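One chain, subunit A, appears in both complexes that follow, with subunit B as partner in the first and subunit C in the second.
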Partner chain A sequence: MNKAICATTWREFKANKVRCSILTLLFLLPVAFYTLVRLNWDNAYEVDMISPPIIALAYTLLWSVGVIGREVQNGTIGLVFTRPITIANYVVSKWFAVSFAAAICSVQAGVIEHLISSFYNPSLLFSLEFFSNCCERVFICFGFAAVMVMLSSLVSGMKDIAVLAGFALLWGITNMIGGMLRSDLGIFNQYANVIYPLAGLVDLYNKMMMQAFFPSLSIEPMLDLNFLYLPAILNYGALVTACLASSIFLLNRKEFSYAAD
Partner chain B sequence: MQQISRGPQGASTGRDTKKYVSMRKQPLWLYRSACLLLALSGAMMIFERVNATAYYDTLKLLLGPERVEWVPVKDAAARAIALKKPILLVNMVRNDYYSDRAEWSVIRDGHNADIINQHYVPVRVDGDALNNASLLSPIINELPFTNNYNKGFGMLAIPYKLIGANYRDVMSTDNIFEICNLPNDQVNGDYDFYSSGCAADLSPVSKSFHAFNWSGRVMRRAKFFPALYWFETSGDVSIFLDRAYKWHTGKPYRGTVHWQPETSLTMEASKPKLLTFVPDCGVESDQLRNQLFKDEGATLVNQKFLPVLFDVKRENEELKINRIEERARGDYLDLRKTYKVKQLPAMVIVWPSGQSRVVYCDRGIYNIKEDLSEALQAGPLWESAPEGDTVVKCSHDGLCRIKGHNHFSR
Partner chain C sequence: MPETEALQESTDLLTLSPLAPVQGIVVTDLVKTYKGGKKRALNGLSLSVAPGEAVGLVGPNGAGKTTFLSCLMGFLRYDSGNIEIDGLPPDCLEARRLVGYLPERLTFDRWMTGRDYMHYHHELAGMPESVRKYECEELLRRVELDAAAWGQAVKKYSRGMLQRLGFAQALLSKPKYLLLDEPASGMDPGGVLVVRNLLKELRKEGLTIILNSHQLDQIEKVCDRVIMIEAGAAKPIDTASDSAVDTTFDFCIKWLNGSHDGHRAEDLGALVQRHVIAIKDLNDGQAILTLHSDREAATILKMMVQSGFEVHNLSLLETRLEKLFAKKSS
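Right after this comes the complex of A and B.
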């Protein structure tokens, strides 16, 4: 891993005012929302009001959109490789830079929300729920950043977000189809022998997509030393290594000119 | 430090290649790891999809033998009555977050398994409510976690004396107040109560009373006592098992009423006696104790009456054979016959003259204080005219004098 690449990635983000503004909003919006809830709900002080771990997806997306693609597009990647660095090192550094920064930001936001809740109800301060929420955020950041790095090395510029949106749309459609196939078939009941295995395949595909776009690991089962979650850990590891490996493989097949498109 | 050449595809630049690494050097170890993990992960996913039972059985090989000694549903009631232990009804459904955690680790945890085996008769339901035709059916079929639309993890402790009772009775027994009266530091506030009477005592220490997990993982009600619907750690389940057991083996709540010993029935007194016949468990018992045995109810009873409490052992047709001795000690049948008590809960006001009047909760338990005050004012009253007696005269408020008696009946 290369420290200079990490630092450059973070500096580049800092220089982008739009991203900084969105990041500030991401910090403030949940706090504002929970403040409103506290004002309007009597039992609000009894609950630890932290955003769900899925919020980490937003932070990761913000940090990782076009992380490699933009450098390919404006040609700076060619300049990066004038330094003594391998593509593998570059990809891993980029992945670590965005996932670490996203994890820090999302955990920090969680800590702020938790501290506000704890201020009103000090008994919540050392709750396991908060600890597991933060850990899940970190896992989501590192997992989803790997997916984004892979998409970013696939296309130039910020087209990775379009690819992501395309996959999300496809996932939505297949989810809908899966639901329809599992429901009452009506007049198509005679084709149930064909349709039900098809529904199984669609479910499998949806599960894989779910794992790819929401790579989360729960902490409590791990603390229980629960073997049932061994496949989940395996899936997570497979996703991260496969995404990084394909990203390195894809970049190795590219020629880096001074401007890609 | 490694020096890296910039030749395309790792082509030699004329320098010593041992010292230089190509920019395009492929990380073979990463490719191999990715392929291996993908293959393993894909194989497991397909294995689960094709034959789920074999998949879970294979994974269970890693866990070792089951530590909880499960009892079949059909045998559970008889065993619980024989051993006088509560039944622990456990519902676990595959692919449910808490069921999976419970089945694969929490219930297999040595400490929890020991508590379950020692204090309970454990029964697995597994979401299969309707097929279980047994004494537990009235309860199982009402359970929220075996409902088709809400299947998931659930644990319910059923006292042996409530076997055959309905779900409402199981969820509300008077012993709950014994738990509530524990010092705050002994009460882990993760419990929600069916009875409203307990909420006030627990709310200062309850972090999740009427609460749900705000992080969005679970949006169910927190926990009904004695049912457990979700947990964070294995320790939560241990606490639940411990509390549910203590609760079911505790004494019924007697409140702040100055109860007199049963021997005081024969003693003369200036105030009327109040003979209170209450079942020792069940929802009506809980509600009556909640209304009458504390606060204003207790003040009324202490001021106006000489109270005597009879904790009547719950009548249960299925249990009669097994509990003949116990019933003889605890059902007060002779006394109830003397005062013509037809149903429970009931209160008999016995005036110093020996005349009596039975007060039931006909207008609902929440009006019992008013009913008692009115009955005290109205004076002795027969519940019904004895067969063959003739009504002589009726007053404007519906009280009728019966031939041969000085009493009035409505």
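Right after this comes the complex of A and C.
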């Protein structure tokens, strides 16, 4: 991993006012939302009001969109590879830079929300729920960043977000089809022998898509030392590795020439 | 056998051994195609550059010069042929340590300052942190980039300033080989002079230079050898003995008109008539003389000064390389 690439990725984010503004909003909006809830719900002080771990996706998306694609589009990547840097080193450095930064921001936001809840109810301060929430955020950041790095190597500029949106749309459509196939078949009941296995396949596809694009791990079963959870950890590791390997492969196939073809 | 002789013998053996890596850049039968083989950018290009040599690349636009440099940098995958830089393939990390590169249209991270940019590439090049500040500033001074601009964002730089910054980054890793693609592109006359002087200094330091430039006078002044790249193939140009060029040169000579001796154009005609091939555009105070060599120009200059002409300028209108290029291109 290259320290210079990581530091430059962070500094580039800092230099982008739009991204910094969105990041500030991401910090403030949940706090504002939970403040409103506290004002309007009497039992609010009894629970730890902390955003679900899935919010880490937003932080990761903000940090990682166009992480490699923008350098390809601007042509600055070419000069990086005139230096003794391997493509693998570059990809891993970029992945680590965005995942680590997103994880820090996401956990920091969680800590702020948790501290506000703990201020009203000090017994919540050392809750297991908070700990597992933070860990899951970190897993989501590192997993989703790997997916984004792969998409960013596939297309130039910030088109990776369009590709992601395309897949999300496709996932939504197949999810809807899955729901329809599982519901009352009505006049198509005579084809149930065909339709139900098909619905199973669609469900499997949806689960795979969900796992492939949003790799995450639940912490609580792990804390129970449930070894049945081991395949999930392996699955997560394999997905992250596969995404990074695909990214290295895709960048290896590209030519970063200054010559017009 | 004395120790020094034994050492010499072993060195000779090493030099002759087929296993010893070839020093310099050796390119053999390089073929590079674009658009699925439909467009042939390099067509069996062969070239070798010895260590310490400066080679100029000339050729029309689209001849394959930048493609060739991109292949040398390992940016492009060539279809066939071979490239070796000190016996190493161009995409090898060790080879990259040896080469500095300045592309024609270098792109920058626009949010960075000039100093940040140098520090970033210094670190990428794997140079020690302890000397980072000193070496980066030294190079920025060397390319004569205004110190006030070092801390400014690159997006505020002019084209010439960017080119100077690009030149400085090419020298960051203390390369053995320097590949320059139009180093003076977009520069003001002062910048062009800086580049020319820098190239001369780098030559003295023993750097091997491959210079791609459309400024033929720059190539002629800096390079030992000139290679013309045309239709993807290399053709050496010998400016000293190429028979394709006639051996005459046009010199423009200027003298102060109406000086105390009142020398006029007719006087010059009478004076140099027997020494020149032709006299063109003969005016009071200026003439264009067609001569065979610099020596003849020196003789005529001496004669004119001795006859009382107050000569203030003598310049070559078209260099030999320019003449040769114009002829070959046509």
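Here, the second predicted complex is superposed on the first by the 257 of 261 C-alpha atoms of A that agree within 3 Å, B and C clash if a C-alpha of one lies under 4 Å from a C-alpha of the other, contacts with A are read in each partner's own complex, and residues count from 1 in each chain.
Operating definition for what follows: contacts are C-beta pairs under 8 Å (C-beta built on N, C-alpha and C of every residue); 3 or more make two chains touch, one makes a residue touch a chain.
What you are looking at is a predicted structure, and each value in this text was computed from that prediction instead of being measured.
*Asks:* In the overlay, answer first, second, both or neither for which of subunit B and subunit C A:G237 touches.
*Replies:* After superposing on A, A:G237 lies in contact with subunit B but is clear of subunit C.
*Asks:* With the two complexes superposed on chain A, say which partner A:E220 touches: subunit B (first), subunit C (second), both, or neither.
*Replies:* Only subunit B; A:E220 stays clear of subunit C.
*Asks:* So which one touches more of the residues on subunit A, subunit B or subunit C?
*Replies:* Ranking subunit B and subunit C by residues of subunit A touched puts B first.
*Asks:* Does the superposition put A:F81 against subunit B (first), subunit C (second), both, or neither?
*Replies:* both
*Asks:* Which of the two partners, first being subunit B and second being subunit C, lies in contact with A:A4: first, second, both, or neither?
*Replies:* A:A4 contacts subunit C only, not subunit B.
*Asks:* Determine, under the contact definition given at the top, whether A:M208 touches first (subunit B), second (subunit C), both, or neither.
*Replies:* In the superposed model, A:M208 contacts subunit B only, not subunit C.
*Asks:* Check the residue A:A15 against both partner chains and state whether it touches subunit B (first), subunit C (second), both, or neither.
*Replies:* A:A15 sits against subunit C, while subunit B stays out of touch.
*Asks:* Touching A:L228 in the superposition: subunit B (first), subunit C (second), both, neither?
*Replies:* After superposing on A, A:L228 lies in contact with subunit B but is clear of subunit C.
*Asks:* What is the shared patch of subunit A, the residues that subunit B and subunit C both contact?
*Replies:* Of subunit A, residues 81-82, 84-86 contact subunit B in one complex and subunit C in the other.
*Asks:* Can you check the complex and tell me which residues of subunit B touch subunit A?
*Replies:* 2-4, 6, 21-27, 30-31, 33-34, 37-38, 40-41, 44-46, 48-49, 59, 62-63, 97, 100-101, 103-106, 109, 206-217, 232-234
*Asks:* Which part of subunit A faces subunit B closely enough to touch in the complex?
*Replies:* 43, 46-54, 81-82, 84-88, 121, 123-124, 128-129, 132-133, 200, 203-204, 207-208, 218, 220-221, 223-228, 230-231, 234-235, 237-238, 241-242, 244-246, 248-249, 252
*Asks:* Could you pull out which subunit A residues touch subunit C in their complex?
*Replies:* 2-5, 8, 11-12, 15-16, 74-76, 78-86, 255-261
*Asks:* Please output the residues of subunit C touching subunit A within their complex, sorted ascending.
*Replies:* Touching subunit A: residues 34-35, 39, 41, 62, 66-67, 69-70, 73-77, 93-94, 96-97, 99-101, 103-109, 111-112, 116, 120-121, 123-126, 169, 173, 181 of subunit C.
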